[in-house]
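Got some structures for you, see below.
Below are two complexes that have chain A in common, paired first with chain B and then with chain C.
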Partner chain A sequence: MPIKQQGDIKIWKRRDRNRQLAIWFGQFMAVAIFVYCWQLVSENTIWMFVTDAPRQAADMMDRMVPPKWSYMSDLWRPVWDTITIATLGTLMAVVLAFPIAFLAARNTTPSSALVRPVALFIIVSSRSINSLLWALMLVTILGPGVFAGVLAIGFRSIGFCAKLLYEAIEEIDETQVEAVTATGASGAQILNYGIVPQILPAFAGISVFRWDINVRESAILGLVGAGGIGLQLSSSIDTVTWTQVSLILLVILATVIVSEWVSAKVRHAII
Partner chain B sequence: MSAPRTWKRPPFIERPLLRWGLITGGTIFLLLSIGTMEVNWERVAAGLPRAERFVASFFPPDFTSKSSDIWEGIVESLWMTVVSTIIGILLSIPVGLGAARNLSPRFVYLISRGILALSRTFPEIIIALFAVKLFGFGPFAGIIALSIGSIGFYGKLLAEDIEDMDPVQAEAVKATGASWFQWLNYSVQPQVMPRMIGLAMYRFDINFRESAVLGIVGAGGIGATLLTSFGRYEFSSSAAILLIIIGIVMAVEYSSGYIRKWIQ
Partner chain C sequence: MLRLENLTKRYKTGDLALKDIDLEVPDGQVMALIGPSGAGKSTLIRCVNRLVEPTSGSVRLNDSEISSLGQNQLRKARRRMGMIFQEYALVERLSVMENVLSGRLGYVSFWRSYFRKFPQNDIDEAFRLLERVGLDHMADKRADELSGGQRQRVGICRALIQDPELLLIDEPTASLDPKTSRQIMRLICELCKERKLSAIINIHDVLLAQMFAERIVGLQLGEVVYDGPPGNLTADVLTTIYGEEDWEATIEKIDDEDDEDLDSVPTSADAVE
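Up next, the complex of A and B:
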C-alpha cells in the first residue's frame, strides 16, 4: 500500500508516486492529442453553418410533422425487403461461419500452423469491413438490388458469428468430448455428439443476436442501392419531402423495436 | 419392463408443438422471402468479369497513384475518430451515472435511460445524413454522428457496469464519511475502470470503422475517397484503401488487448 511518511504521521495515498505521475502524463497526452485534433476539425468546418444549425433543425422539424401517412402503402414492400435481406444474410452467414469457427478454434482446428491463421484472417477481414462497404462493392459488381444486400449482410456477419462461435467452442467442457471418444466414436461422431450439443445454445443465441443487428444494418443498405427501406429514405431526402422522411424514420424505429423484442424473447427462451 | 435398447438424442427444443411451429413457420417465411427476392441473373452474370477484375486488383493493390488522397482521407478518419470517441465518452459519463439504478433517483434514471435509448435507435449513418443537412458537408457532421452513437453505446454499458458493482466496497467508503464525489472517485470508479478502458478502446475501433463509411453521405473521412474510386472503377485503389482499413482495425484491436492487460 503506498504510504507517504510525513514526520511521524503516515498518510495513505491511492497510488504510489511513479504510477500517479504516469497517469498524469497519460492524461496530459490525451488532452494534447484532443486539442490538436480539435484544431484540425475547426480548420475543416464552416462555423457559420454550425451556428445556423439550431434554426435549421427547428425548420426541419417543422416540415417533418405531420408524417405523410398515405405514403405507407409504398413502404410495405421495402420493409419486407429489409427483413428479407437481414434474414437471408444471417442465414448465409451462420451456414458459412459454422465450419470456419471449427477451423479457427484452438481445440478443433486440423492444423494450428496452416488452417487456423487462414480462418482467423477470414474472420478479421469480414469484420473490419462495414456492411455498407461490402454493399458498395457488391453493387458495383452485381448491380443494385436485394441480392447485393443479402450478400453484403452475409459477408459482414460471417466474421462476427464465427468469432463468437469459435470462442464458445474453445470454452467447451473437454470431459464430455473425452467420454464420447472413449466409446470409440469416429471424428465426425465426436463432433456431432461431443461438441455440437454443447455449443448449440450459444449458436442459436448468436444467430438471433446477429439477426437483430442485421435488421438495423439492412435498413441503411439502400443508401448505396442495395435494396431495403434505405432506398426510399435517401430518395426522400434528396427530393426534400420531409413528411415522407419522418414516416420512414418511424417505420425504421418500429421495425427495430419489433426485431429487438423478437430477439430478446427467443434468446430468453433458449438460454 | 425392460429399458429401451436404443438411444435417441433429446431434441434441442423440448416442447414438440413449439418445435414444429418454429420449423414450419421458419420454412414458410424462408420460402416466401426467397420467392419475393428479385434477382436479375443476367446482370449478375454480366458482373462476374468485373468481380474477377476486382479480385485481381488486390494483387497487387495500388497504393501509389492516389496516395495523397488516400493519406488525407485516412488521417481525416483517424482524427475524426479520436475527437468523437473522446467527446462521446466525456458526455456519456454523466448520462451513464444517471442511468445506473443504484446511483440516481428515479426521475434522473428515467431521463438518462431515455437519452440512451434515443441515441442508440438510429445507426450512425442515418444520424450523419441529418447532421450533413444541418452542419454542411465535412468532418464536423461525422463527428456529431459518431459522438451521438458513442454516447448510447458507452453510457449504456457504463450504467450496466455500475449496476453490477460490488455494493460492499461502496458502502465501506461511504461509512468513512466521504462526500458524494469522493465516494464516486474511490469506490465506484476503481471498480468500473478496467472494463471501461477496454470498452473505450473497443468504441474507438467501432468509430474508426464507422468513419470509413460516413464519407458515403458526405460526412468526411476515407469513405468519400473509397466511393470515388469505386465510382471510377479504379479497383486497385479501392483495394489499397480496404487493406489499409483492415490493417488499422487489426492494429487497434491488437493494441487494445495489450493495453487492457497492462491496466489490469
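Up next, the complex of A and C:
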C-alpha cells in the first residue's frame, strides 16, 4: 500500500506505479495472445465445413425426429443395467474409500512417512484414469458385460470419494477429539466417538453426489462394451438409425434428471 | 494427591511453555490457575493427562508416575482424571446421553461402545448426573441444540461419570455470560466437595477465581509467580502476574459480590433457557 506524503496530506493509492504498469502490461499481453491464437485457429479451419454446419445439423435433427417410441421396449433393461452399474460401483467405491481416507488424512494416518503416500498414490491413480478408460481395460481383461462396468465405475470413484472424505477428516474440530481422548478411550473408540460423527454428513453427501455423477458416466460405458444403455447407443449410431439415437438420448436425459432429483432429496434429508 | 516435579515443556517451535514447575495439589483441594494468555495454563493441565507430552519432569497422581506410563496404562490413568473444556468440546452430532456416556469409554470394550450397549450401571449414573445438573429431560437432544451453559453442564457430567479423582478444567466460563459463569463455577465447586475431588481450574476471570477457589496459583511465562490463598491477591501480586494495570477496582469488588445471592442449583427455568 503506497502512501505518499505530499505536504500535510497523505495520498493513498491501491498500487504503486510500477505495479500498476506491470498489471497493464500483463493485460495487454493476454489480449495479444488471444488475437494471435484466433488467427492461428482460423488459418487451420476449413471454412466450408463450418458454413455448412447449420444445414448439416438441421438435416440430422430432421432424421432424429420423431423418436422411434416403439424402440422403448428394448431399452428398459439397459436403463436398469445402467442404474445398477452406477449404484453397485458407487457402493464398492464408498466402502473402499472410507478406510483409505483415514489412512490418507494427515491427522488420522498411522504413519505419514509410509502409509500416507501409499494411500495418496491409490487416490491419485484412481482419479487419473477416466471411467471410460477403466472400462476399456476391464472389458479386455474380464470380457464385455455389466461386471466390467461396475468395476470401472468403482475404481474411478474410489479416488474421488477418498479425496473429498480425507479433506473432510482433516477439517474436523480437534477439541472434540481431544475431549474423547481425555476420557481414556482407545484409538478405535476415539475414531468412533470423536471423528466419525463429525464427518458423517460429508460422507453421506459425497456418496450421493458421486452416485449422481456415476449414473451419467455409466450411460456411456456401453460404448466400449461394459454394459448399460451405451451399448444400444453405439449400435444405433453404427446402423445410422437416428430415430433410435434420439430416443436413447431422451431416456438418458430423463434418467439423469431423476437421479439428480433423488440425490438432492437424499442430501437434503441427511444434512 | 497430584504432584508435579520439575515439569518442563518445550514445544517443537522452541517456545518454552513451562519452566521447571513444582506444584502439589492435595486431595479435595480446588485450585485456580490464573495468568495471562500464553502463560502456559492450558499446557500445564494438558501435561497432567498427557494430551501434551511433557519434555521433562514428573507428574504423579497418588502412587502412579503418569509421565512414564505406556499407552495402555496411560489410558487407564486418564480414566481417573476428568477434563472439562473451554468451548465445551462436546461431540456436536451425538446426543446428550451419548456425550455423557462417552466418559465411560475407558471402561468398556470397543464393541460395547460401538453398539452403544453400555452397562445399566453407567446409564443409571448418567441419568443421576444429568438430573443433578438439571438436564435429565434433555438426554435425547442432540448436543448442538443446547445453549452454552447447558452444554457445559453436559461436559461436567461427562467428566464426572469417569469417576475421577481429579478434575482438569480449562477455562470453563470463557464462553459463558456472567450469570451462567457463576452458576457453572458454583456447580463445579459443589460437585468437587460432594465427591471429594481435587481440581485445577484454569481461569481468566480473577474475580471468579477468588470467589470459588481455596487456593490460587499465578502463572507467568511458564513459571509460578504466586501461590497462596485468594485473600492475599493484592494489587502488587496481580501486577507481577499480569503486568502493570489499575487493579484496585478489581479487588474491591470481591467483597460486594461475595454477598450476592445466586442460585446454586440450576432451576428448571435455567435449564430450558
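Note that the second predicted complex is superposed on the first by the 220 of 271 C-alpha atoms of A that agree within 3 Å, B and C clash if a C-alpha of one lies under 4 Å from a C-alpha of the other, contacts with A are read in each partner's own complex, and residues count from 1 in each chain.
Here is the rule we go by: a residue touches a chain if its C-beta (ideal position, glycine included) is under 8 Å from a C-beta of that chain, and two chains touch if they have at least 3 such contacts.
As the structure is a prediction and not an experimental result, all values here were calculated from the model.
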First, second, both or neither for A:239, with chain B first and chain C second: neither
Partner chain in contact with A:112 - chain B first, chain C second, else both or neither: neither
Which superposed partner A:20 touches (first chain B, second chain C, both, neither): neither
Per-residue touch tally on chain A - higher for chain B or for chain C: B
First, second, both or neither for A:70, with chain B first and chain C second: neither
Touched partner set for A:185, first chain B, second chain C, both or neither: second
Contacts of A:193 with chain B and chain C, given as first, second, both or neither: both
Residues of chain A that lie at the interface with chain B and also at the interface with chain C: 193, 197, 200
In the complex with chain C, residue positions of chain A that touch it: 173, 175-176, 178-186, 188-189, 192-194, 197-198, 200-201
Chain A partner contacts - residues on chain C that touch it in the complex: 49, 51, 75-79, 81-83, 85, 87, 89-94, 98, 102-107, 110, 113-114, 155, 158, 162, 168
Chain A to chain B touching residues, read off their complex: 14, 30, 33-34, 37-38, 40-41, 44-46, 49-50, 53, 56-57, 60, 80-81, 83-84, 87-88, 91, 124-125, 127-130, 132-133, 136-137, 140-143, 145-147, 150, 193, 197, 200, 204, 216-217, 219-220, 223-224, 233-234, 237, 249, 252-253, 256, 270
Sites on chain B touched by chain A in the complex: 9, 12-13, 29-30, 33-34, 36-40, 43-44, 46-47, 50-51, 54, 76, 79-80, 82-83, 86, 121-123, 125-126, 129-130, 133-136, 138-140, 143, 186, 209-210, 212-213, 216-217, 220, 223, 226-227, 230, 233, 238, 242, 245-246, 249-250, 253
